[in-house]
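Structure provided below as structure tokens; questions to follow.
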């Protein structure tokens, strides 16, 4: 589903964020991406979204080499990926509900479908009450959950979550992780970059660990800090 | 040092963020503020900074009623408080080092002092290498650490950190918490709003728990989830 | 994916409401520029028309030989009226010529006291359609047998030359105003879209196509341009009507005329300019941030 | 806390470099507006000067009685030259008057053939400093014993009236341009500062005082205004010099003069306008976002 083949990413001239990364994620897998701050997790996410181009190497998503996708076709590629951004990336001029709805609107879905689906999803992440607030009126955790809801709503075949529980209390985090688990069970490929040691240790999924831009560990049923 | 007397905060007409909060934090104390997402932690921080006015009740910081501070004197009030913001609030047009330096410049400190102090602080939070990057070029955790460095640098008598480790891996988090502990030991009053259960449980400091805007627990040597 | 106009219009309307400050700024900038452009346009039109009017006052006088017979006069007159460059021909008899002379020197009766009616010859006063044609007309008159011609050769040439330069200058100024308007309005649009570049980035990252992102911005530009330009254009046209009436009442000897300006044309032109800049400016400014 | 100019200048310079798009936009907007304002100013100045020039060509002719003695003429002349409204006095003898008459009617010699030298009286040709003063001067002449006066009463009055209106209109237009410039430039500044309101908020939250936040913005506005206005002002002054020379060569009979415009004054005025709007616009726009 997602394949990194010898991928490196150097920012500017000397900031090596990813260093010859090889990684294959099969359809339907659930993968935790862990690693210290600055180890390159978000860079991987941005590469998969084709927000950035790799400095070298090949990335394949869903059988398509990203470097071969023309500018015109990038939106379609992105619509196949739901993404929870580390910094949320909500539209400040849209309410929580409108932000979630936007992800459906870009795919040209019917207004009726949107009107049914959006409140359901917001309820699922515990924001039924806050649907009509603007991002500036939401707490950090609430904004993060709007971002999660937006990533879910289109039922994309791939779901990527970059630090989805960084602003959530443990109870809510558990809820979100259960949600990710359920989504994965219906066939969605899930990639979660996280620092949440408890969660990783509890869920016993595949864990890929990065260190200074290199994959230093890849265990099928790993914990956050297993020995290398 | 910080005193909330029957403080309520209602956003708009019906969004009750704080509900008759009474709280006293003595000079030199170290207090964890915990509570579910949306329970009002950031609202308390914003009230202390006089970024917001309470809907009712009185807040006193350092013996001064905030409502009596004229607009002119607000900057001085804020300079006495170092604050790590949940959303970092870095200046996008300044490098990491310049962002940290800015907090010293507003207090009119000498360029020489700034040039000595800033690199020290950045080293302390592990960003010696990233000093000249702009926020847009930093990872989430790196931005968070810049925000932490900026809050420290002026050695303010009060330090408030809103979710300071949300984007940090467990090892770095421990380092930051040790830093907060050391800073507290030299007399600084520290208030940390956090979801980091591990940290709260390990450090055994005073814990104030909010729920739906009310203080539901206040224990001298508490854990994250002690019974109420 | 079909083009959902309703959705895009709602988006544009919402954005304008939420970014009211920006929208108002864009509208006033457009209005001010279109206003200046419109005033320039009308000023040009009136000045051109005035200059043409003055040009029409230029006359060539062609004298008849003493005691020319009636038939000769009529024939000559018909001939001259047939010249394509001629706008109007008036016959001045000997008696009329003397009367005019007397009027001119009314304060010095001693000049004309001794004059005979026959001293001043009869003449044709020929007004031209274009002052530039005076030489051609004089040539024709001479070849048609007129010997005595009186026409302010130099004044006509000068007037002609100045007219040309002024018209040219006015058009150049109008074009400059237009360029300035385009620059100023598109500058304002560019900054206001620059201020929202992060939003555009986010839209692209959640899978919006370029046109999906662009359309609401372009509609915003269209509406802002339309509103600003329409306000300004109406103000200009209304102001013009007031001005023309005022001049006609206060300075009646200035031959200003509301016919100098095609109101509808100005209205449409100004609004078109505003809308075009709004749409194109938005389109191009957004494009710069779509490369995500 | 002392005012650290070096720090603020560095801040302003850094911001302009990092927000290059915005800075360039602000500079071009200022330049375009100042350019238009400057062209308007010079146009006004030249038109006013031309009108004054035309006004000076207006003359009153005061006739002496037939065969007035030399002393009377000299005395009268000295007297008239003393009138404050008079710019220039020329004595026209009887012989000269006849010569002029002959020239005017050179194509119709039969008109003047029989004339005696004494038929046309001697006169004073009086040019006025202000065409509006013609009535006053005529009054003075009459009370000083001149009986025959010849002056184009109506033409003078009209010229006077039109001159007044045109000067008034030009000044109004200049003020309007000024207002438009202020609006357009401050609009551009307002949007560009609006785009940075979050930064202002953050600065306030980390303890910056209002003036600490404001100063770099104001300095930016100052520099942008200065650069934009100076470019435009130099262009205007240079263009004016070219234009005046061109007119003097191409249309020499148009009495245009580089003295109509005080170059230094225009330069200083335009730059002052640009700087003032830049500074004030930034000051006021920032203030709106300082209430954090």
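A, B, C and D are the chain letters, set down in written order, and residue numbers restart from 1 in every chain.
Methods note: contacts are C-beta pairs under 8 Å (C-beta built on N, C-alpha and C of every residue); 3 or more make two chains touch, one makes a residue touch a chain.
All figures in this text were calculated on a predicted structure; none of them were measured in a lab.
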Lowest number of touching-chain links that must be crossed from subunit A to subunit D: 2
Identity of the chain that, by mean CA position, is farthest from subunit B: C
For subunit A paired with subunit C, centre-to-centre distance based on mean C-alpha positions, whole Å: 62
Distance from the mean Cα position of subunit B to that of subunit A, given in whole angstrom: 28
Computed distance of Cα centres, subunit C from subunit B, in Å: 67
Cα-centroid distance, subunit C relative to subunit D, in whole angstrom: 23
Topology of the chain contact graph, where touching chains are joined (line, ring, star, complete, other): ring
Chain-chain contacts as defined at top: A-B, A-C, B-D, C-D
Residues of subunit A that touch subunit C when the two form their complex: 49, 51, 71-72, 74-76, 78-79, 83, 85, 89-93, 102-103, 105-108, 111, 150, 154
In the complex, subunit D residues that touch subunit C: 21-22, 25, 28-29, 32-33, 35-36, 39, 63, 107-108, 110-111, 114, 119-121, 148-150, 158, 161-162, 165, 173, 176-177, 180, 183-184, 187-188, 190-192, 194-195, 250-251, 253-254
Residue numbers on subunit B that touch subunit A, as the complex places them: 11-12, 15, 34-38, 41-42, 86-87, 126, 130, 133, 137, 139-142, 144-145, 162-163, 166-173, 195, 197-198, 224-225
Residue numbers on subunit C that touch subunit A, as the complex places them: 1-2, 4, 7, 14-15, 18-19, 199, 202-210, 212, 291-292
